[in-house]
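Look for chain A in each of the two complexes below; its partner is chain B in the first and chain C in the second.
== the complex of A and B ==
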């Protein structure tokens, strides 16, 4: 029977071409949508790598009148002491502006001899890991012993370690800020990847440099507050810090809120794509349904004949569903050929598994859609009385 | 071979009821070649459809080969048609998207048989109707007479005991019609196939063993 179906489809290839093209295009769009969804889902289920609960960000610009590094270091020291003296504050950390869930990025090159990769670069202090509860996988976090280090100490994340060294040990190796040759940054630790660009963002290379508290400029102070830190405390903290900083350009944000905001921003394009894809799927379903329905009315005589020569109602509906499935299989084979190029050519730098799962889901979805759309017309065809069908020719 | 007892067929719509067949009783013996005649709309095709189990009577019993068919399920009816009956229609009812050989193979698709076996049987049936040289043609490439011969090959490929022919020569000129009639007569004579043929042609009917006439759904002769 399958050979018979292939013959029938092959002999009607011109009529079937449009339907197969529609299925092919639907598969490609579904593949793209599922790739995004699978990627987001996989990222969502990655461990966060740090704790953002009860962490506040205080954004600031240092007072302009402090110009020399020693005064700046002293000023930062006094700010830290002032904040630390409040009972609701558990930990304080100075950091560059590109804190978790923030909008700021600092991306640059990192090299190990001739191997160059791009990485997000963070400038943080010794208490950063304590504020965010970052877990160190290998080596250690920054500490006082780095004050006298000959080479600049850096901590890298797991992804950057894999990018530069594969499965080799990274501790003690010297890396540079892009280019070639041996760098002057010594890796002292490897930490877990932090999902600091939102729940749906993928892993990225991360390089953590130790802050130079004498440098002029602004940045962020991350505060780990106690559970009783309420609105009133936040208001008091704001007042104290604004008078200390002598600068109106300051703000306090909660990392939990920032996380929600960045997640929403990331979800918007996906939701738009889903809506567009949803309309497309409805369109394809209606098209498919219409074509199959039309097939029945056009092929009533054939259906009557088949019934006369021995086909049961069941085998007629099976044939119609089977034909639709064979057509979709041909479209999916062509579509899969194109879809497989994505992992093979490493397009968009996503894991191969993401593409393969998305491809499987898109195939299953198309088959399901085709079966649903073919089922009712198939049942209608099965219900046609042979004498009536033959009479209508 | 076929026994019809008090067959009645009523077509109902929301507005009217039409009595297409009224109390038809008819016995057809094995190997008999019966022709059914009557004016248009008298119920000839309806009678043939009922004998071919393509339609169900409103009342009455049908026995084919001593078997009552009224309790058959859809699947059993399909299998029965496939094994026992062959159909030839006035408008051929060939599938235009299939080649001649594939059209003839059609009844064999609904029984257990290998592809090679199907091909062999279909080729033999086509040879019987003198169309061995047209196996790879599509129906659109054939003349009316050739199409009807393909339809006959399709009807006999499964070696049915009964052939039901609904005006098989109706769309053909007299020469072609005679050719088709000769094939049917030969099938009846050599294979002892029971044939019931609906026709408008007195000459063709005269060549058969028996003629029955229908008028307004009633058997009159």
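== the complex of A and C ==
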């Protein structure tokens, strides 16, 4: 049966070639769209890893007259005291500017002997994990006992642990900031991944360093506020802090709001692509339907003859749908060849599973589309009366 | 002759309504998308309020400090010191605007939170960029040098701080616990504008230390030239100057970071340079490659609708087997037939194109009325329309040529016998 269908298609390869090209291109576009959708969906379902409700970010630049590490530490201490003294504040943490859902990134190399990877580097203090409710997987978070540590204490996230050590134990190992030698940073803890680049971002390596007196200048303060902190409190807090900072570029933002914003930045291009791809597919579906319908009406005499020698209506429509499916299978095989290159060559650095699921969905979608488009013309063909069809000829 | 083709084309279109619908749907939708994208691109790249001299401006907006030993780099705008000491001594520019990056300033008016973006500029900024003043005038060099606390605000800020339409010049607004006197009010800027801000203050009020040697600082400068023809000369002078500037910056470790990259770019070049975060080293910024990639994407997008139209066109032609057979038998040459069919197809594409233009007018209205880009109004102007015309021509030819060629090779005897 299949070989017969294939022969029928082969005989009209010239006419079918364009149809197959169209299905091929549609498949490639669907593959791209589904890859994006599957990737977003997978990321959306990863756990957040931290809590952002009632967390505010206070962005600042330290006063210009502070230039040495000691007065910087003193300044930080007094700001912390000032903020902690307000009843609405539950927890305070200093952080580098790359806070969750922010625009700032700080990416650099991390190495374990010769193994080099890129990672997001955060500079945070002891209460960071308390403000964001970070869950520690192994080891511990920073604490006072790190004050006297000989090697710089660092905490890494699970993804970085996997990419540097695989399944081995990471606690206590020394890592460096790029290069090849033995590092001077000692891992004291491994935390669960923070999905801090928005709900749809993929996992990334993360390295957390402890704020020390050597860190200058600006950054952010993360505040966990109580549930009765309102706009009036925010305004009061801003007044107090702005007179302490003596510096113009300060601001307060709510993490929940920043999350919506960063999600929108990622979603809008995908929504636009979906709309465009949707129209393209409707276009292709209509075209396919038209062409299949036309082809069948051209083959009236052939179908009439088959009916005359006893073929049932079902077998006629089955044959036509089958032909269309064989046609799409050929283009899908060619398309899959290209699609498989993505996981094989590791283009765009996405997990192989994402590509494979997307490919499966695209194949299913094309089959469904072709079946729907071929079904009605097939039914029409099945309804042909042999006498009428043969008489026309 | 053409009139005849037109009549035939219309007759054919009316004969197979379903096919006509599919073709027109495909064509008009495709062109609508092309037009809308073109409108956005036009809005982004062509000169508009307040940056109307863009074609004779060069932008120095990025200073990259690199290390030859490892891959790290520092990427930010040039410092005020660099612009003041080196760039402003160049001879070619007619005027030089200096502006800081815009930073958000939060104010709480009656517990209502307002975030306005503030930018510091020099006095020539107001001459390089053509702002429309609703009232008052810009601050002068004199006022900047005296360190006066004066600001120019946008209309939106005026209606937030004072009331709608109330004159604000001479009144004070509070920013960062200090009182600033308003000297002028300008028309609102589109949010995508390269100089966007709600409040403009004199450069002396920024935080950067202006007299300490530095390279990186977050400023931008715009070099306005007398004419477009001076651009190559300007670039050359700039590169010569940049090569001589020492690596003198206290915040940067000279042992690690030993190279700097800074260019005077046209608007497109600076856009492309920002786009490749990797910062291409060449002076051309990789604009050619960028345009090539964009064109390839554009053609790929057109591929699917074109294939669809080709398929439908072939079916249409096969439907006219007998007509073509008869015409061939009476001596019509292949060329005449090909020509006729292409013209027919072009007529179809232009009808689709007209629907597409109509649709895109509606969609542009909707986008503008939603105002989700804050003051950014895209429009279907002459540029965009001529591009749409070109696109429908290309689209029509692409989808018409192959079916026409297939038709012209049709065997007469077979065609006539089929009936």
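Assume the second predicted complex is superposed on the first by the 390 of 393 C-alpha atoms of A that agree within 3 Å, B and C clash if a C-alpha of one lies under 4 Å from a C-alpha of the other, contacts with A are read in each partner's own complex, and residues count from 1 in each chain.
Note that contacts are C-beta pairs under 8 Å (C-beta built on N, C-alpha and C of every residue); 3 or more make two chains touch, one makes a residue touch a chain.
Everything numeric in this text was worked out from a predicted model, so none of it was measured.
In the superposition on chain A, A:302 makes contact with chain B only, while chain C stays out of contact range. Here chain B and chain C are compared by how many residues of chain A each touches, and C touches more.
When the two complexes are overlaid on their common chain A, residue A:257 makes contact with neither chain B nor chain C.
In the superposition on chain A, A:348 contacts neither chain B nor chain C.
Contacts of A:310 after superposition: chain B is touched, whereas chain C is not reached. Using the contact criterion defined above for the overlaid structures, shared-chain residue A:41 touches neither chain B nor chain C, since it reaches no partner. In the superposition on chain A, A:3 contacts chain B only, with no contact to chain C. Once chain A of one complex is fitted onto chain A of the other, the partner contacts of A:385 are limited to chain B, with no touch recorded for chain C.
With both structures placed on the common chain, the touch criterion links A:17 to neither chain B nor chain C. For the contact definition in use here, the chain B contact set and the chain C contact set of chain A share no residue. Per the touch definition, chain A reaches chain B in the complex via residues 1, 3-4, 7-8, 11-12, 301-302, 304-315, 385-387, 390-391, 393. Residues 18-19, 21-22, 25-26, 29-30, 33, 70-72, 103-106, 108, 111-113, 115, 118, 175-177, 205, 207, 209, 301, 303-305, 307-312, 314-315, 318-319 of chain C are the ones that touch chain A when the two sit in their complex. The touching residues of chain B, counted against chain A in their complex, run 45-46, 49, 52, 54-55, 74-75, 77-79, 81-83, 87, 89, 91, 93, 95, 97-99, 102, 105-107, 109-111, 115, 138, 154, 158.
Those residues of chain A that touch chain C in the shared complex are 15, 18-19, 21-22, 25-26, 29, 61, 64, 108-109, 178-179, 231-232, 234-235, 238-239, 242-243, 247-252, 276, 279-280, 282-284, 286-287, 290-291, 294-295, 298.
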